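Letters A, B, C and D name the chains as they come in the text, with residue numbers starting at 1 for each one.
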Amino acid sequence: MADYSTQELMIIAAAREIRDGEIVFVGMRLPITAYGVARMTHAPNAVGMFEGGVVRYAPAAETLYTMCDPANQRNAAWTTGLLQVMGHLQARKVDAGFIGGAEIDRFGNINTSYIGDPAEPKVKLPGSGGAADIAAMSKRLIAIMNHEKRRLVERVDYVTSPGFLEGGSSRADAGLPDGGPSAVITDKAILRPDAQGELLLSSVHPGHSAEEVRENTGWDLKFAPDMSETPAPSAEELAALHQIDRDGFWR
Amino acid sequence: MADYSTQELMIIAAAREIRDGEIVFVGMRLPITAYGVARMTHAPNAVGMFEGGVVRYAPAAETLYTMCDPANQRNAAWTTGLLQVMGHLQARKVDAGFIGGAEIDRFGNINTSYIGDPAEPKVKLPGSGGAADIAAMSKRLIAIMNHEKRRLVERVDYVTSPGFLEGGSSRADAGLPDGGPSAVITDKAILRPDAQGELLLSSVHPGHSAEEVRENTGWDLKFAPDMSETPAPSAEELAALHQIDRDGFWR
Amino acid sequence: MTDKTTTLSDAIASLVRDSDKVVLGAALETAIPFAATYELIRQGKRDLNMIAPISDASTDMLIGAGCVGAITGAWVGNVSGGLGHNYRRAAEKGIPNKIVINDYSNFSVGMALFAAAYGMPYAPVRSILGSGIAENPTFKKAQNPFAEKDEPVVLVPPLKPDVTILAVQRADRGGNCHFWGSNGLCQEAGLAAERVIIVANEIVDDSVIASDPSRILVPGFRVDAVCEVPAGTHPSPLTGRWLRDSAFFNDYHARSRDVDGFKAWLDEWVFDPGSPEAYTEKLGSRLDELRIKGEQLAAPANYAAE
Amino acid sequence: MTDKTTTLSDAIASLVRDSDKVVLGAALETAIPFAATYELIRQGKRDLNMIAPISDASTDMLIGAGCVGAITGAWVGNVSGGLGHNYRRAAEKGIPNKIVINDYSNFSVGMALFAAAYGMPYAPVRSILGSGIAENPTFKKAQNPFAEKDEPVVLVPPLKPDVTILAVQRADRGGNCHFWGSNGLCQEAGLAAERVIIVANEIVDDSVIASDPSRILVPGFRVDAVCEVPAGTHPSPLTGRWLRDSAFFNDYHARSRDVDGFKAWLDEWVFDPGSPEAYTEKLGSRLDELRIKGEQLAAPANYAAE
């Protein structure tokens, strides 16, 4: 139907979350590609950070398997330590951070640690890595997930990466600075928080319906007053993505 | 009379305070020369640290004006930051530290900040630099001073670098770890603390008398039970010193 | 200079003890001294407390081999595959043994190592507020006494490894070592540790290291043993030297899915080779493909002083 | 890449404001951007709060010229001569003006800058216990909550410079810069600052800096202005580039002993030359003697990725 894949749409939606001149915690896979698209379109001065100790202006030309691959080190804007890079988070210099997760809940809290009771877990997930720090300290958090009922849940089993906690003032009460998820980009839709921190359905990807999205969400998902359709990728956006994704990995 | 100068004796006395394999905060001028003599004689594996961020095994061959001179950087064991080097102090890895000072008192406290009332100082001295940190955290402190009544005083006007504070348990009570001055090397004598932290006359340099030393000390200086004469430099020690001090700066 | 060179086998035997707190690789996904991982397994070390931000699949291997009693870190898995099957089995079913998990985030484990390296009584951290990690019972909650209103902080105690094992591009016989590229927490982990083992891709003359003292990761006087193991980081990458062997990680991920598969993998890659040399030989031409052959040299830096 | 090159005069005019907290050189006795010291004096900046571990005689000059309202640091003097005459006159007699002195030690001012750079609410420090410095009223005393018995610590708040001015061997037009040799607190001061000015001995092509991203002191995206001033660190040394002009420091020390002598010195070396270029010209052949002509290059480091 469309001349782009769902993943391509997700990448381009993620790219649109990055503004020019921003410092962005990039991560791997989909977000790093999104960062590349943003740099090539509307955000040529964005700076990309990788928690291992790498900062880049232009993304690496080669396919990366990890953020620390030699191709990501060569001609980097800075290769240094983890603290030097992640210190920018705690010092509130990072505008946007991207993370994924196994579960996200109604208030945007993300779990990458334990499914089930943490003392007797049903599934032991790898843990935070830097996700907790990124979620706590980025000025905006963008989460990327597949839209499944078991992933978008009423309440996560364990808060690895805090969103709006129980909503309302609870994030601020916990001592966290402004921030929290500004967008959750799934393969079906984009959710955004209301003033209380509850995630609402903000836009539905072309080819999906609001009802389908609700059915695949583990809580009673409300619609944003200005709910719309996610704009399809523009020709310019797709051209940038195709230039990065030469091998068609995301098609 | 003797075939060595007072300063040469002081340097060699200071060198004897360094043990093999130790990490030593070296400083400039007299102590750095002492460190060189120690390396060439009994302490070939001593490591010398400079607070600007330099660590050396062998001292620089050239005359240094400051610890950060290019000659001290070249072929260093490490050139890094101040925290990396001074962090070794707070982590209790530094065995011995050398400092000088304008005033030292009966309990080995040193002042390099204010003469007179700190609020209305008679003389504003440069301040701590790293001296406070070195005095607080080295396992042993060696102070080097000229022996004058106005410098060896009953009580310093300001404690820049803590010794045994008021003596007894007062150093430990202030939260300081074991340490404090183990030797004060002057141009006339060496003082060492008793169990209460009071500096006693431990040895008198050849050519000086205990009474002369007492007269030039600003408190009622007591004699150590094992008081002796400072051993004259050995031929080996002098040879090492002369090899370092090619221009005869210290003769 | 004291000669600190030794075989990796001797270094692990003499410097790593059962129940030690161990950092093995602290650069996240690069420069992981897997040769030391294998040697710890071969020597049957037990009850190790592994401290790490992320060491790719190394920790998962050690868990499966029964070497690990506790995890003190931010992440255990397999970067290529996501989940770590051995970590799951141990945490979910106590196979091969139960493990204690002390959760950290990358930044907080970094600050804990920094605190130990720099002699801090503790590190006040804000970046884990709101996370379950802040409930780690070894942490304490406090208020920032400089803030005008309530401002919670988490106090993280120093983490002092008994032994830190790091991989570097080159070292001299005294353990002075050069590293370039991102280093994660290698410097903090090295400076915090009681004992340090350096796994060097190459042992070079002293003058090479001394020529560039600003490129030193951990100075030799803090190092206890240095071992030359040319492919000692395989399958992880090493800047300017080795590409990542992603197929190897994928194969490990697939085969470690069940216990028998993992045991067969262990036999094939750890016990049968029996030494770093035999492992390298087994890799054979595969290593040639991973070896970086190009040359893009750092711009010269002059240290002359006259 | 945004071009951030500008003249030093423009950088100081646009980025340093009266009453700012300023770090000018943080490598102790090396790499002090004296060209910026002179420019601050020429532009008549007032009430600056100078933060530094040790910046040799730079701070003494600024005090004498009436630019300084406060010292937040560990040491002010003249390394060659010991005491700083202008510092003494200001502190003892209020000449040319009274100054506020916030005493730190080198390590505690370092931890305070680190705390600001890394977003810590404060740094708990032990190395100033027992010193009069611990009575600095901006600090707080506390007990280490992890200790079993009383264990006092001093809590030092973050020190966030409004502007940090650093000297480096080379930078590109985007402010990305290389530094080698000991750097004191330059990285912490650069990362902590609201604004950063880089005084580069040399502006080089982007590819030179990008060839060695591990030698970067402060990344360009944190830099606001970069100024090429070839002898901008004179009379302080710069590793691999310039020797220290000790005679210059001695002359300054002798002449600054009284106010008239200092004013004559200021006229001769700051106001009359009027620009970095004229200052360099005035130094003439003296600079040739200080220029490092030898070559002792760092061993090559390869960053190729294939």
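Please note the rule applied: contacts are C-beta pairs under 8 Å (C-beta built on N, C-alpha and C of every residue); 3 or more make two chains touch, one makes a residue touch a chain.
In this text the structure is predicted, and so the values were computed from the model without any measurement.
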item	value
Higher-contact pair (C-beta pairs counted), A-D versus B-D	B-D
Furthest chain, CA centroid comparison against subunit D	A
Chain centre separation in whole Å, for subunit C relative to subunit B (CA means)	40
Length of the line joining the C-alpha centres of subunit B and subunit D, rounded to whole Å	28
Distance between the centres, which are taken as Cα means, of subunit D and subunit C, whole angstrom	36
Touching two or more other chains - residues of subunit A	69-70, 73-74, 76, 79-80, 83, 87, 89-90, 137
Interface hub residues of subunit D, defined as touching at least two other chains	119-120, 125-127, 151, 153, 180-181, 187, 211, 214, 239-240, 243, 292, 296, 303-306
Contact graph of the chains (line, ring, star, complete, other)	other
All touching chain pairs, where touch follows the definition stated at the start	A-C, A-D, B-C, B-D, C-D
Complex interface listing, subunit D residues touching subunit C	119-127, 140, 142, 144-147, 151, 153, 155, 157, 169, 178-181, 204, 208-209, 211-212, 214-215, 239-241, 243, 292-306
Subunit C residues touching subunit B - in the complex, by the definition given at the top	1-2, 116-120, 176, 187, 191, 210-211, 213-214, 216, 219-221, 303-306
Contacting residues of subunit D [partner subunit B, same complex]	27-31, 53-54, 56, 73-77, 79-80, 82-84, 87-88, 90-92, 103-108, 110-111, 114, 125-133, 150-153, 180-188, 237-240, 242-244, 246, 292, 296
In the complex with subunit D, residue positions of subunit A that touch it	23, 45, 47, 55, 57, 62, 69-71, 73-80, 83-84, 87, 89-92, 137
Interface residues, subunit A side, partner subunit C - complex	50-54, 65-70, 73-74, 76, 79-83, 86-87, 89-90, 113, 118, 121-133, 135-137, 158-162, 165, 171, 174-176
